[in-house]
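Each remark here refers to the structure printed beneath this line.
Labels A, B, C, D and E are assigned to the chains in the order they are written; within every chain, residues are numbered from 1.
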Amino acid sequence: MGLASWLILLPFLTALGVLAVPSRRSDLIRWVALVGTGAHLVLTAFTTLQFWQLASADISMAKTATLTKLYFVERVPWFKSLGVDYLVGIDGITMSMVILTSIIIFTGVLASWNVVNRTKEFFALLLVLVTGVFGVFLSFDLFLFFMFYEVAVLPMYLLIGVWGTGPKEYSAMKLTLMLMVGSAFILVGMLALYHYAGGTTFDLTQLAQHHYPVEMQRWVFPLIFIGFGVLGALYPFHTWSPDGHASAPTAVSMLHAGVLMKLGGYGALRIGVYLLPEGAQYWGVFFMALTTINILYGAFGAIKQTDLKYFTAYSSVSHCGFVLFGVASLNLMGLKGAVLQMFSHGVMTGLFFALIGMVYGRTHTRIIPDMGGLAKVMPWLAVCFYIAGMASLGLPGFAGFIAESHVFLGGFFGNEWSDPMLTRTLTVLATLSIVVTAVYVLRGLAKVFQGPITNPHFLELTDAKLTERLATGILVLTLAIVGLVPGLLIDLIESSLLPFVNRLHATGALAVAGHP
Amino acid sequence: MADFLTAHAPTLTHWLVLTSALFAIGLYGMLTRRNAVGVLMSLELCLNAAAVNFVLFNRYLAPTAQGGAERLDGAVMTIFVIAVAAAEVVVGMAIFVAMYAERRTVDVTRLDALKD
Amino acid sequence: MLMLPELIIVATGFILLVLDLFLTEKQRDLLVPLALAGIAAALGALWLTPDHGVLLGGRFAMDPLAWWFKLTFLIAAFVTVMLTSGLLESAAPEPRKLHSPGEFLTILLFNLTGMLLLASTRDLITLYVALELATIPLFLLAAWRRDALGGEAGLKYMVIGALASALMLYGFGVLYGVTGTMRLDAMPALLHADRTTLYAAALIVAGVGFKLTLVPFHMWAPEVYQGAPPPVTAWLSVASKAAGLSVLMLVLFRVFRPFLHDVSFAIAVLATVTMTIGNLVAIVQRNILRFMAFSAISQAGYLLLGFLAGGSVGAAAMVFYLLVYAVTNLSVFAVIILHNQQTGSTELTDYRGLSQLNPLLALALMFGLFGLGGIPPLAGFVGKFLLFSVAAQAGYHWLVGVAAVNSTVSLYYYLRLVRQMYIEAPAEGAVPLKPGWMLSAGLAVTTAASMLLGVVPTVYESVRASAAAWLQSLGQ
Amino acid sequence: MLASAIPTLVFYLLAAISLTLAWSVVTGRRILRAAVSLMGVLAASAGLYLLLDSPFLAGVQVLVYVGGIVVLLVFAVMLTRTTELLEDHPTRARQIVGGAVATGFFLLSYNMMTADAFVGRTLSPLPKNDVAAIGRALLDTGENGYALPFEVVSLLLLAAMIGGIVIARKPAVAAKPEAFHG
Amino acid sequence: MPPLSFILTHAWLIPAIPLLSFLLVGLVLRPVSQKLAGLVATLAVGTSAGLSWLLAWDFLHLVPHGQPLPALVPWSFQWLHFQENFAINLGTLLDPISVMLLVVVTTVSTLVHIYSTGYMHGEPGYARYFAFLNLFTFSMLGLVLAPNLVQMYVCWELVGASSFFLIGFYFEKPSAVSASKKAFIVTRFADLGFLLGILVIGFYAYQIHGAMAPDLLHGQQPLDFAFLTRPDVLARLAGLNVHFLGVGVLTLSAVLIYMGGAGKSAMFPLHIWLPDAMEGPTPVSALIHAATMVVAGVYLVARCFPIFATSGEALTVVMSIGAFTSLFAAVIGCTQDDIKRVLAFSTLSQLGYMMFALGVASFAHPLGYSASMFHLFTHAFFKALLFLGAGSVIHAVHSNDIWHMGGLRKHMPITHALFLIATLAIAGIYPLAGFFSKDEILAAALHSGHTVVFGVGLLVAGMTAFYMFRIYFVTFWGKPRSEHAAHPHESPWVMLAPMAFLGVLSIGAGFVPIPEWVQLPGAPVEHEGIDLAVAIPSTILALAGISLAWLLYGGAPERVDNLVKKLGGFYVAAKNKFYFDEFYLFVTHSVIFRFVAQPIAWFDRNIVDGLVNLGGWFARTAGLLLGKLQTGQVQTYGSWLVSGVIAVVFVLWGVLKSGGN
């Protein structure tokens, strides 16, 4: 068992550990979950260091920035006759996503400290979900990938349905079904990929050796992109997101917006762009247009929302639009921006939802007009909220800016397969969102935290507790570190993205080798 | 008269028209009769028609088609069909009787407690 | 030796029949273990049975896939008997008790014999009688309780069954007429793609479609599933369907093999219609047995995908999925049977709060439903995946899409039940269910199997190997 | 000449009888009359078997079918109340649907019967099919024997009998019928 | 050149110290001790100021007297790597304007910090206030030192954010909250232009960069100012035959970048945020909205001046908007009653001055460039002093309205004296600082042949004198018009001392030879000293303005009323700032929110989501309808079954016919 497997297994073992605790010992349950996820954080940090050392050694030895290797590869033949392997490994993109997930789940557990109803099942499901997420990020076998993908999606139903608020059953069902329809698209594409390559392997690195016919790429790529796009809140397949987020409990919103939605962008990148470069070239500008709509539509949609969660959900639609926009722009900066945006939006929106949960836990309302002046009684939360808001409007110094600047440059620089005037116009339209974002973020936050206190009952409210400070603190710190020292993350990502770009241009080292 | 009859001696097609018609009439009965016993009777018509078919084919086609080895497959099949028909009637009657004891009706169109 | 499992089952049936005469009401509780022992012995015998060989002048033949079918039948029977034990015992709650356990088990075992033989037949005559043996006793089992609904279910089943069987018989006749032989293996060489052959094929498809609940031959299913005693429903949802598949494979792969590729579009249409209608109607069901009926209908649609690519992959996918479906469906029925046995209810809403009353049962039921919905890592996922893969291999990518979207629709109604169990609060005064040990064991075994089959590749690999060997024996 | 004319005449006669009686089986309002008609159809079929040189089958037909099955049906009819003996006509809709479907089936069959495979085939003699021959064949376990289906059918009949008895006899315990849970 | 001194190589220390102090104050000291927080923050900025002076000294002595001062980037590191040959280096760009602004920013900031320890005494958010002031100082210094467009943009946004937090310092006050939002959003809108400008110029610069031989690049990155302002690069950019809406790339990007600058410097029509920004604490207004941040736009244009100059058209835009803004703001400034708002409009007007000074400059007539920077320099001091003075007054009177004041000169003599100095300075009276720089600007306009602009400049000079003395007279002369105005008390020395220091600077800054030091690289020296042809009319107009103010406001108020009546609608419009706020409010709330945001939200909930729900409804309805087929009639089922057979035959037949052999 190597590091990659442990990264997947640890949350699952933690889930089992949680299940082993008697349900009345809810404190112990929380601690088990916290220790498990904390251990995962440590393991992730260790893996990152290891990866860092190995990769930089290889890069300096090969005298090229292109990283054509996976690390910590484990391959165990599974369904041999189908060519299904248990194949996990790590490259830079994976690594960054693992870091993100690990942070989010740890803080998510902290933010769920006050879940009292059916605590055991809650944490167990949460951890199963996150097992699926790690599985998706780490697996390099399409079958395994898809399998984990569904494992990651389904627990959401119960997590929202049982522990949610509002029209939770409806939201949970809508979310699950829409995502499953998305995965149906993916399945079609995936099986096409498998059979067009001869039907002998699901190994992503080997499928990448196969050149698919252009016509095939042209019909499979949109399936894959839309399929993953549903999870990535691609317009107009995003409507599960506002309802889902609004109904979900705090940690679930965090995980969902923070991590799960990233699976969409990740899949579109890893499978769509990587395996189907010519399909991507054909469809790139179309999806740029669609995601431009996403970006603006989400931002404008957020302006008039009155529920904090809807507000954040629409902002997520807008921000996830950047991810897919970056992917569709098909150049190094765009792709990098997409990955960076996944990371930054993950942390940022995780922070947002954590804070909303904390505020809601105190005020028992999420309706923006009902609140006011809360900064006076909960300065910590207010500051964190403002930081999250500033990060989300792309203030330099936070991760969002790094990501957005990459995405904008990527979009503006365009690619040789799309009309440059079109991609630039779209980029210009997309940049409009930085203003609209400022409008809704500031309006929303001003109403909630600034101004006079509207409800005398608010005066009795308290500021964040220690666990909450820890959770929000970690997230804020992450945002700031990435924003201030972007090189840390960029160096992880960039080398691993170069093979994608090379494939698009059909030059250089095309494929990633899947063997150690 | 005899000439006429000889000229119009039934061919396989005539036979088949007869059995098809019998089967179709049986079908009509199965699909329309209200009395469950009537339905079973119609079923017997169908089975009977099908059984005749087997003998018919055995007689007209099978011996030559097999290239020598003469066989009685069709004829034997008929026996099995009759046996199966018997079994079906037994089962059908048993259920019919049980049904009647419970519901006091033998009209299949009134058996609609189970529906959407 | 080849026929040993069948012989053991028949013998067990007779022993039970005779013993029943001499036992008191109380002592008859021993019959269930005895039946189980018989089935277990047959399973053991099956293990020893070689997977190829012929008997009785070629009327009975073993082939590698027949072995798997027999395994499925025997496992299904074994589990069904376990699940039925609570209703067969003398202390069973009265209105739902199944009387005359000896006769019940005997008929079940004879029925099983029919299915076992079905997998091994090589000629139309045996096929016909075996199919009837695999069908007619089910009418009796469905009506076993003699109550209003059971009787109605039995009668409807009987009428539609007889109609389908008559049509199929007619089809057999035509087939016999066209080819002049009863031997299935001799037929492909004698068939031409003319309208007579099509006609025969359509008639036979109707007959098999009835067993396999293909749309539009499915309409009896919801009624019978609802009216029959739940254990019988479980049995016919699994075994009868498996029998249907085994006949369909026999017919399509052995007899109509030359045309299979050309008519694959028709199969695709049939599959589409079946899964879509099954799923759509399942959405609105309120009765869990009807619900399971439509679910089973849609599953039949998925199964059909395996015929699209005529190679061993398709056969393997179908056989594997059948096995997975059998254990998964039985695990679901285990809970349904128990619930019905102790509450008398079959309403979906009466499952509310089950997760709080019986967490493990609810979990098992959820796993079962997710397995049917094709959610990883349950075996249902792998099974469906394989079937979809066959469709994709045959170039039916749109059908993969249809099937996958259908899977989503099915998830909707499976989740409806999950919602009742997990999200709704228990009804006031609801008490936890108390499963008997035999039912618990059955549930545990099927649940475990429905997970392991998807994770441990051994079974699939064996099926795949068998399918390859079988294909070779077909001479392709 | 006559040798071929008489069977032809008989054929058409039997065909006419069969069809007429069959029609009365499926449309007659009196169930007992229908039973009698069915008996007639089956008997006519026995005649047809004779025409097809299968006297043994004709015998089986008369004994089992006419003698056994129909009598069983009549008994079953007798068990029910007399009011049920006179049956209502099916609704017009059902007649139309049933008629359409049955006609459709017939046309389909007819279309099939004009296919090349069947047109122009003439009678050929059946092999020896007397009681002894068929009896031997039924018990023969060889290639030309039918031992297996024979055993299977025995099982089937046994099962039908046992089950039929269990279901049809009066319940041992006067169990209250369960409410419809539909 | 001699080896660089310590502070020149480590100029990064100057912004770094306030940053550290921000973190220290914000994270550690804020909850511990308010007093300590203020002290640490002030000390930190003070240290930076000291270092800046030191740096300025060293910088001026880098080259022998008379030679043009160099532009160098002694320290930088790669921060953001976009792709091959396209990276962003953070670093410190030292050239005359950055060093000058470094000194201005740190000095004014230090003084404001000191002043604030008194002004903000006892406020609940005292430590928070200092933390943000530190953050602002850091960001502003980073902006000043930026060697490339991206660092500029980064710090640009950060000053915007700190400005936002400081304007909204009194976060319980709704007007402050909305002012802060407005400031941020309006500048953010302008930054959109800046960002697009970076994208446009970045793309083409990257292309040119890539096409150049590596040894010609000297390690410059595409977005470095050093690269962008190279004549060869500019020539290539100007030569690009790419047009967007008929505008060339160079002009387009310059105008877009100018849009960013116009937002920060509150040029018309993006000026609306600045008057409202006066809702912040007065020292903040002094530092951010008078002396430093608002000149960032001017600084940006100056930084990119070669781009604008090469484009030409862009420069015309800069000039026209600048000139119009200076006049426009002056008109409004004459009518406002809030002392800080008058100062704000005066700032606007002066910023317009600086902008059009840049606009009239060119490579042939570089005087405007130096003049603009000179005015930036002097304006920082006297405008800061004006604000601090106003703060002192407000502190005493507890009101912003000049009509609540009056006769303060007796009770607040020091404040009065200093305010007078500043007022004279801004009015352009010799020998105070404003005179020299204003004179230079007017001269530049005149000599470059922009007569109309010169005329506007003269007019504005007179108006400036008028409205500044208007508030001076109303505030300090006459009788007290309110309770508080009757018994004010002079401010404490911590407030007066920095004011006094600024007073000294307001007097003396004009003698600093900025125009000598700040020269447009590669242009001829065009410094002429005092041009009497300019100085005399401007001084006359200034004196006329002062006299008019005395006439109107020195004595009887009814004269004003008469005048107001005569002016009628124009006065009302000017008093209401020509209804620009209302217009923007209408556009955002009634047009964008109502006709874009609201419909989108509705569309999403009802149409897009409706389609999803429709899918669900469709499935359910189909299920229900298909379920209706289960009539319970077994014979119907039978009919279906037989029909099924017929259907299967047809399907098979069709398939075989079409697809089969």
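Just so we're on the same page, a residue touches a chain if its C-beta (ideal position, glycine included) is under 8 Å from a C-beta of that chain, and two chains touch if they have at least 3 such contacts.
Predicted model, so just to flag it, every value in this text is computed and none were measured.
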Statement: Note: chains that touch chain A and chain C both are E
Chains contacting each of chain C and chain E, listed by label: A, B, D
- request: Specify the chain with the shortest distance from its C-alpha centroid to the centroid of every protein C-alpha atom present.
  value: A
Task: Would you mind checking which chain's C-alpha centre is most distant from the centre of chain C?
output: E
Task: Select the chain at the greatest separation from chain A, using centres from the mean of Cα atoms.
output: D
Message: I need the chain pair with the most C-beta contacts, please.
response: B-D
Message: Can you work out the whole-Å distance between the CA centroids of chain C and chain D?
response: 30
Field: Chain centre separation (chain D, chain E; CA means) in Å
entry: 100
- prompt: Taking each chain's centre as the mean of its CA atoms, how far is chain A from chain B in angstrom?
  reply: 66
Task: Give me the residues of chain D that touch two or more other chains.
output: 94, 97-98, 101-102, 105, 108-109, 118, 144, 146, 149, 153, 156, 159-160, 163-164, 167, 177, 180, 182
Statement: Note: chain B residues in touch with at least two other chains are 23, 26-27, 30-32, 39-40, 56, 58, 60-61, 64, 76, 80, 83-84, 87-88, 91, 94-96, 98, 101-102, 108-109, 111, 113-116
Message: Give me the residue numbers in chain E that touch at least two other chains, ranges are fine.
response: 627, 629-630, 632, 634-636, 638-639, 642-643, 645-646, 649
Statement: Chains touch in the following pairs A-C, A-E, B-C, B-D, B-E, C-D, C-E, D-E
- prompt: What residues of chain E sit close enough to touch chain B in their complex?
  reply: 627-635, 638-639, 642
Statement: Touching chain A in the complex, chain E uses residues 78-83, 86, 150, 153-155, 157-158, 161, 164, 168, 171-174, 177-178, 180-181, 184-185, 188-189, 191-192, 195-196, 199-200, 202-203, 206, 588, 593, 596-598, 600-601, 604, 608-609, 611-612, 616
Field: Footprint of chain E on chain D - complex, ascending
entry: 94, 97-98, 101-102, 104-105, 108
Task: Within their complex, state which residues of chain C touch chain D.
output: 10, 17, 56-60, 94-96, 99-100, 103-104, 106-107, 110-111, 113-114, 117, 125-126, 128-130, 132-133, 136-137, 140-141, 143-149, 154, 174, 177-178, 194-196, 199, 226, 287, 344-347
Chain A to chain E touching residues, read off their complex: 174, 177-178, 235-236, 238-240, 242-243, 297, 300-301, 303-305, 314, 331-333, 336, 373, 375-376, 390, 393-397, 401-402, 405-406, 408-409, 412-413, 427-428, 431-432, 434-435, 438-439, 442-443, 446, 449-453, 486-487, 490-491, 494
